[in-house]
Amino acid sequence: MEGTRCKVLVTGFDPFGGEPVNPALEAVKLLRGKSFEGMEVVTAEVPTVFHKSIAVLDGLMRDVQPDVVICVGQAGGRADITVERVAINVDDARIPDNDGNQPVDEPIVADGPAAYWSSLPIKAMVQAIRAAGIPASVSQTAGTFVCNHLFYGLMNLIATKYPRVRGGFIHIPFLPEQTVRHAGQPSMSAMDIAKALEVAVRTAVDVRQDIAVGGGQIS
Amino acid sequence: MEGTRCKVLVTGFDPFGGEPVNPALEAVKLLRGKSFEGMEVVTAEVPTVFHKSIAVLDGLMRDVQPDVVICVGQAGGRADITVERVAINVDDARIPDNDGNQPVDEPIVADGPAAYWSSLPIKAMVQAIRAAGIPASVSQTAGTFVCNHLFYGLMNLIATKYPRVRGGFIHIPFLPEQTVRHAGQPSMSAMDIAKALEVAVRTAVDVRQDIAVGGGQIS
Amino acid sequence: MEGTRCKVLVTGFDPFGGEPVNPALEAVKLLRGKSFEGMEVVTAEVPTVFHKSIAVLDGLMRDVQPDVVICVGQAGGRADITVERVAINVDDARIPDNDGNQPVDEPIVADGPAAYWSSLPIKAMVQAIRAAGIPASVSQTAGTFVCNHLFYGLMNLIATKYPRVRGGFIHIPFLPEQTVRHAGQPSMSAMDIAKALEVAVRTAVDVRQDIAVGGGQIS
Amino acid sequence: MEGTRCKVLVTGFDPFGGEPVNPALEAVKLLRGKSFEGMEVVTAEVPTVFHKSIAVLDGLMRDVQPDVVICVGQAGGRADITVERVAINVDDARIPDNDGNQPVDEPIVADGPAAYWSSLPIKAMVQAIRAAGIPASVSQTAGTFVCNHLFYGLMNLIATKYPRVRGGFIHIPFLPEQTVRHAGQPSMSAMDIAKALEVAVRTAVDVRQDIAVGGGQIS
């Protein structure tokens, strides 16, 4: 019965910061070709723009009616897939977004809580990605740019409008072709990123109660 | 008039993780020899133990009656002085604390908010430390070990018991003598750390409204 | 006419240092499936053992009679393909080799020169690999373990026994599955490494006079 | 008897690459205030210019008649004191020197050997610096800019004109005030650098036969 299949929305950002591609978008596109038994996976692009990204996500959630939402963004400089634990209620941009906005220490949602936790099984997702041969870890910060912004916006939409949806955020490394111009930075192939996202989607759907394994940082 | 002088409490942790010293404590001790015009600076040691550290801090705040509290901890691997922006309500320990506790994904304060912001002028503090010739930056995560735990506990004590106190957390690098055994890790001399803390204390007391300069991270 | 086709020998090491695989060997094996017009590519495995590796290489060079030799090794921790510039006449092993040898500051070849240069077009190879979308750079040190040892041994064999052969060494990153257990270390997929080696082989054969583009390090 | 005291020449470079100071020079200057029993330490500045630096060093060696020469240079990005093992006969400059020269793949000394070894007790120096509480290690590459150039030039002068002199090169980190503008880069205080150089000078004079302890790199 179609109606009972779990529906997953996966978003990727358009390129920013002078990059010709955004690996998040490229990897999310690769998900389209994969078959997910027992679930339906919808992929979409969101703009790398403060607030507009949240508005676009709100529209997608209204139209798609997903059970699970996973937003994906690029974390240049990280070597592995990082599943984010927490989104904080602040924008502090080191570079302008794609509309030229560069907020400093502004709340994302006035009177919103200081932070929202991911409601995905982040430890189980990390464990499953690693079991698939791809390095992954929990991240304690999604930064203060549009990635954290959209992650916070997603969790705020869930808290205020879509209470039955579960959601979270995944950061991915540069693609190899990007690091040709970023000497010494780590990268990951689009195929491996897509494979990690596929595993992450399945685990997010299958695991309701996260596992209790360590994934913290001393500092 | 003595009564109107600003009182500052600065804490450092005892050594942990097999380290013979804790640079936080060493640097905090060096503050004792410095003269702070117009303010009184009290230094104290707290145990690197979940919950006990908060209980000790509570006792210190009750006894010392500080206007400003700055907790200081070691962030091995970081190259500069990092002024923390936010504390999150979770313990996730990769190593045991000094009493052998190793919680995984436990809240610090049941029913506490997901996060607390530092109430210190973090951007002004970073700017002042840098102006003194010492590298510094804002950090978006204090980790998930005892440092973040005490930072969260401090802000929760302020929120619930000491509403007129302002507080925050500063992470400092390894000392050079520690990195003899941590090949390739950055370090900072105890004298430079103490100088940075001195500047941080003065700025925390003097600046009530933080400045609006960027200090964020893309991711 | 078959006899005039350029013959290339590419070697990879067996696993060492507790690793279950050696990406060098895996990537070198992937070369076997590729078609190289106008040239013949022979791949072989060499042991990660001081001196024995050179003896095996000598046998291979005698049997295969290659025009070009490229030895490939793993450089855990490096993020890109690194084409080595120079081999130095010293063994200084931080870990034992696969036969338990752990020499400290011993010459590889008694009375050999302090160093040998690669005789491959290292700058052209780096440029071509980067043009193929894979990060690459020149390296100024191949270390002091078996990789540098074999590189030095190769160039010494060329200098003393096979004067018409051209040769050099390429270091490659960890594979993703290895960095599951090496948190935070960069990696590269076996497919991308094999693609880089394919480009390197073609360039090594085609370019006799290296190009004059920068590839140095300040320090 | 004055005549039998060991004479040590220590050189530092003038600032380059847009830096207002060169930590090498600052640290070398601090050596002047230290008392070295049983030896005479002469410090001097050399220009960060290809070939001119060697000519200046030649003049200093002729005038000072040192027994030991230690050249010191900045290695921005390194976290510890690095005692160089080997100098290679190539200039490959990523940035212009202070006279605007930017050679690519040119030999330093035409017909010179590919490399020269340091003739200082590099392992004993590293061990002694570490025993003084300052992180240190052996480096297998001095780069391909003016530091390696002067190191090679020094060893070539020793090989061809001053056979009884022993010499080598030490790289030092950024100073803290430099890393205010190089976010995330490690640094070391001028006092700690000077202390390390003092220990290095004493050890270079005292130890004629280097100790056999590991100091190599896998890659």
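A, B, C and D are the chain letters, set down in written order, and residue numbers restart from 1 in every chain.
Following the convention adopted for this analysis, a contact is a pair of C-beta atoms (placed from the backbone, for glycine too) under 8 Å apart; a residue touches a chain by one contact, two chains touch by 3 or more.
Since this is a predicted model, take the numbers as computed values, not measurements.
Chain D is reached from chain B by a rotation of 180°, derived from superposing Cα atoms (nearest 5).
Over half of the residue numbers at the interface between copies chain A and chain C are found on both sides, making the touching surfaces mostly the same.
Chain geometry summary: the mean Cα position of chain A and that of chain C are 38 Å apart. Computed from the mean C-alpha positions, the centre of chain B lies at a distance of 48 Å from the centre of chain C.
Counting partner chains per residue, chain C has no residue touching two or more of them.
Interfaces, counted as pairs of touching chains, are A-B, A-C, B-D, C-D.
Contact residues of chain A toward chain C in the complex are 79-80, 130, 133-137, 176-177, 179-180, 182-189, 191-192. Contact residues of chain C toward chain D in the complex are 17, 73-78, 85-86, 88, 90-95, 102, 104-105, 113-117, 123, 138, 140-145, 147-148, 171, 210, 212-219.
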